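Please find the structures below.
Here subunit A shows up in two complexes: once beside subunit B, once beside subunit C.
Moving on to the complex of A and B:
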């Protein structure tokens, strides 16, 4: 029995390795290769030229990583503030024109962003919002918000109004009802939506490029010229850095979510104990 | 409520319009002065300005040259903060300027743009460039031959001082000395070389920039020289008939190309990969120093060399320009002037920095400056400057290029 589960685990890990880690190996090799001619499986010799360039101060990589994370963070925070009330209204209320509201919110998933962005660019230019982080954040909301609303709606669908009614009968006001009853239940949905929102915001090139007009430099802005017809070694190094940034961000989110639940559990247990003492 | 919204938005629109008008007036006054004032005044105005240079950002050598060689010097010597903004394509610069023009944005952030050819023509036709500034630059008047055809015209379009030359490119063919000691130096020799070495040659399919340039060489050599194509294409009645020998030539060599000419590499990058891995024996480049830098990067073998056709090869110039709505025009002028200085051009020529040919006229340099430039070690793969300079052919204008690229699809790719 023990043996079999070990075998299954081994099998599982090799699949994960093949699917997730393996595609990164050629990227890694290409980023450090110096002379890699066709029939050879491995490069003939190695050089850190590409990494030296990417990590050097003058290439502006670190400020770009900072800008990427800052924008993704603000976008996600705004998304949460917008999506929770929106999902509440959409999943719990029936009102006329609901289908229209849903269609508008989910439209960016279906309509190619390029179409909308050209129009947004002209409007933002008139309003003086181009070349600002604020403008880029606003523009990133349209492709990310639908995913956030969708994820939070699913959480709301499994939360019966009875829970809040019960809390109200026990004397909880609207704020404590939201923070102690609704929010803990929504947390997994918010976390899922936030992951998507962060990933989508981090990987935007066209929107950032047009609205930021070169004055808001995120990692994709640096990476794109190298990927399309530039130096393959540097493109590989940048791609790895990008993947690392995305994975690290998701990991941090995962850990903080786990911490949130741990604290929640601890405080509930404490609360119960206090109740017993009283 | 509705009335109120209408009213406020009306006021807002008026206010915005007023603002933009004021701004326009201000910048026009200012820029008019700059074009007429003497250089000292321009330098004084430039101190402390932040200059944004929008340019293609896909080459680490070029990026480093600007970030590590040029920018610190601008800061130290002129108090100018130079920021390089990476673009994926010069076309994007034009699109962005078009949008800014259509909404009347006057405080643009692009101060210097790196363009040439079609992009220059589009920018000029749409009035996206500031004005006749290049004659104001001391280094332009001192070191550049303004009347030379490759400086006065950009792919057949008169430059009119709207842009200043930054460097030059010239078409070269690339081979591996060890594998093919006697490379073909004319289209006739190439045809027999291809037949003797089947599968060893191909060219990138147009509209790839370099592949398209290769076809223009075929045009020049098979139809009797470039002089006849100096007028607009629309003015030549028998263009179809004149092009006929070119299509014949390309179809004649096709069966002996890589993969029997069934397919062509879609880009020069792909063809360079075929050359790097030894699948084909020749590749080409519109940058005469690119092969040397690929050798330095370990992609091409040490025995890589470049060569020219006996009849000469196409050359073009790339330029720096200032958009109509640049906010720091004085800073842009001083920066461009500095980029044209013999010191900056000599540093740019070195393959360690970039390997780009100088835009300066060697004759106009002092003996020491000329010595410094000819002393630059271009690497074994690059031809000497004099040899390149002596074998230059002028480019065709954009209307021909379009006709040739369409014709290739019809006459060569489909047959």
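Moving on to the complex of A and C:
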């Protein structure tokens, strides 16, 4: 029995290594290589040349990172404002035409969003929205919004109306009901939706390229010429930076959500203590 | 009255946004694919772009490539994802510790990697002078760069298939794993009482239980790969290219005459994904995948 479970573990670890760790090795090695000829398994010499280029001010990396985060941030903020009421309506009410509303909101998950963006491209051009951050934000909304609505809906499904009724009986108005009862409960859903929304927005290439026309330079736009036949060391460094940015965003969301609850809990406990003292 | 219209008011901002930006774009594209270009004074609609497309071998080859790549990548991703989910499940059963949560996180890593980066990882691994080729050469298996098969930027689409298999396998395991966690450990004990070995338990109990979720996950990967652009653009060849890349090539080729054809490719692509999406929806409702069993 013991031997069998060890066997399973060994099998499992080799899969982890092959599927998860191994693919990143050439990326890491290549980013610090200085010449890497076939058939050497390791680079002949190492240097931080590629990283120096990528992280230096002249390469335009930081403005691109800034533009990526700015766009993802605005898109996600708008998504939260749009998704919370929509998720409320969809998960708490039965009404005629509900299926249609769901079909409309979730359509961009199925139909590739670049189809809509290519279709609207000339109209955006006429309206002067191409080559602007605002235009790119508009283009990023439909691929991301459905995921946000979906995530918030899951949270709404576990929130009973009784809670709000109870708050109402205790004399809470609509605003304090929303901010003290509903919103804290929705937080995990909003955080999950925001992570997805940021991740999807960060990794858009085609949509940004079509609407931004090369003038709005996000990280994927900056990265593409390098990975399609440019300097492999720089391409690898950019790829690692890009992947790191996506992972870091998820981690930040995760940690800040945990902190939110910790503070919430701390303040409730303090409030209760004060109540006892009084 | 107000109570009745409340859900509609709450839904208005989100639906209006999608209708305007998304369906507006689809409709705009549809009109232009029918040759409606008021900018050049062309107001009447015709099907020239569609008849041109359906008569060209480029389009059919692109469709065949797209179907083949999507089918193979969803097949490989679901096999890989299934293996990951089941071994994760067996591990958590034997370990009884918090470790599986960490492993689960680790396995989701490829999911968070942007597609372009995932594609580039495949380039570095599998190109003729890539990492695998270097390892094989050092080990003495191959003598020359040209002995290594062309797996990236190849006409068959192996590079694209591998990139998606790698990226989407965690997604498949993520879809299956929650179903697996509902298998009680007592079931395992019962199966042991009846003399089932580990493999028999997997075949007779685990596989039938995860089958519906598994099929749906594979189908979702298929639809997704079918309409993806970035990875095929990076890892494919100019001819034949997958449908989204084909459309992009037509759209940016420069001549105004090709644009209706590009948009027609898009409309056909959208119609196909709607059909596939409806099929996923229908089967997942019917098999109750999302709710599980009782």
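Everything below uses one rule, namely that the second predicted complex is superposed on the first by the 251 of 278 C-alpha atoms of A that agree within 3 Å, B and C clash if a C-alpha of one lies under 4 Å from a C-alpha of the other, contacts with A are read in each partner's own complex, and residues count from 1 in each chain.
To be clear about the criterion, a residue touches a chain if its C-beta (ideal position, glycine included) is under 8 Å from a C-beta of that chain, and two chains touch if they have at least 3 such contacts.
These figures come from a predicted structure and were not determined experimentally.
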item: Touching partner for A:257 - first (subunit B), second (subunit C), both, neither; value: neither
item: Which of subunit B and subunit C A:224 touches, first, second, both or neither; value: both
item: Subunit A residues touched - subunit C or subunit B, whichever exceeds; value: C
item: Which of subunit B and subunit C A:115 touches, first, second, both or neither; value: second
item: Touching partner for A:234 - first (subunit B), second (subunit C), both, neither; value: first
item: Touched partner set for A:172, first subunit B, second subunit C, both or neither; value: neither
item: First, second, both or neither for A:213, with subunit B first and subunit C second; value: first
item: Partner chain(s) touched by A:141 [first = subunit B, second = subunit C, both, neither]; value: second
item: Partner chain in contact with A:25 - subunit B first, subunit C second, else both or neither; value: second
item: Residues of subunit A contacting subunit B in one complex and subunit C in the other; value: 38-39, 122, 224, 228
item: Parts of subunit B lying in touch with subunit A, wherever the complex brings them together; value: 16, 52, 54, 56-60, 63-64, 67-68, 85-88, 92, 96, 99-100, 102-103, 105, 109-110, 267, 269, 276-279, 297-299
item: Residue numbers on subunit A that touch subunit C, as the complex places them; value: 4-5, 8-9, 11-12, 15-16, 19-20, 23-27, 30, 38-41, 81-83, 85-86, 88-90, 93, 95, 98, 101, 104-105, 107-120, 122-123, 138-139, 141-142, 145-146, 149, 199, 202-203, 205-206, 220, 223-224, 227-228, 232, 235-236, 239, 242-243, 246-247, 250
item: Subunit A contact footprint on subunit C (complex, rising order); value: 4, 6-11, 13-15, 17-19, 21-30, 32, 39, 80, 83-84, 87-88, 90-91, 94-95, 103, 106-107, 109-110, 112-117, 119-125, 129-131, 133-135, 137-138, 145, 166, 169, 198, 223, 227-230, 233-234, 244, 247-248, 251, 262-263, 266-267, 269-270, 273-274, 276-277
item: Of all residues in subunit A, those that touch subunit B in their complex; value: 33-39, 44-45, 47, 49-50, 53, 58-60, 121-122, 125-126, 131, 209-210, 213-215, 217, 221-222, 224-226, 228-231, 233-234
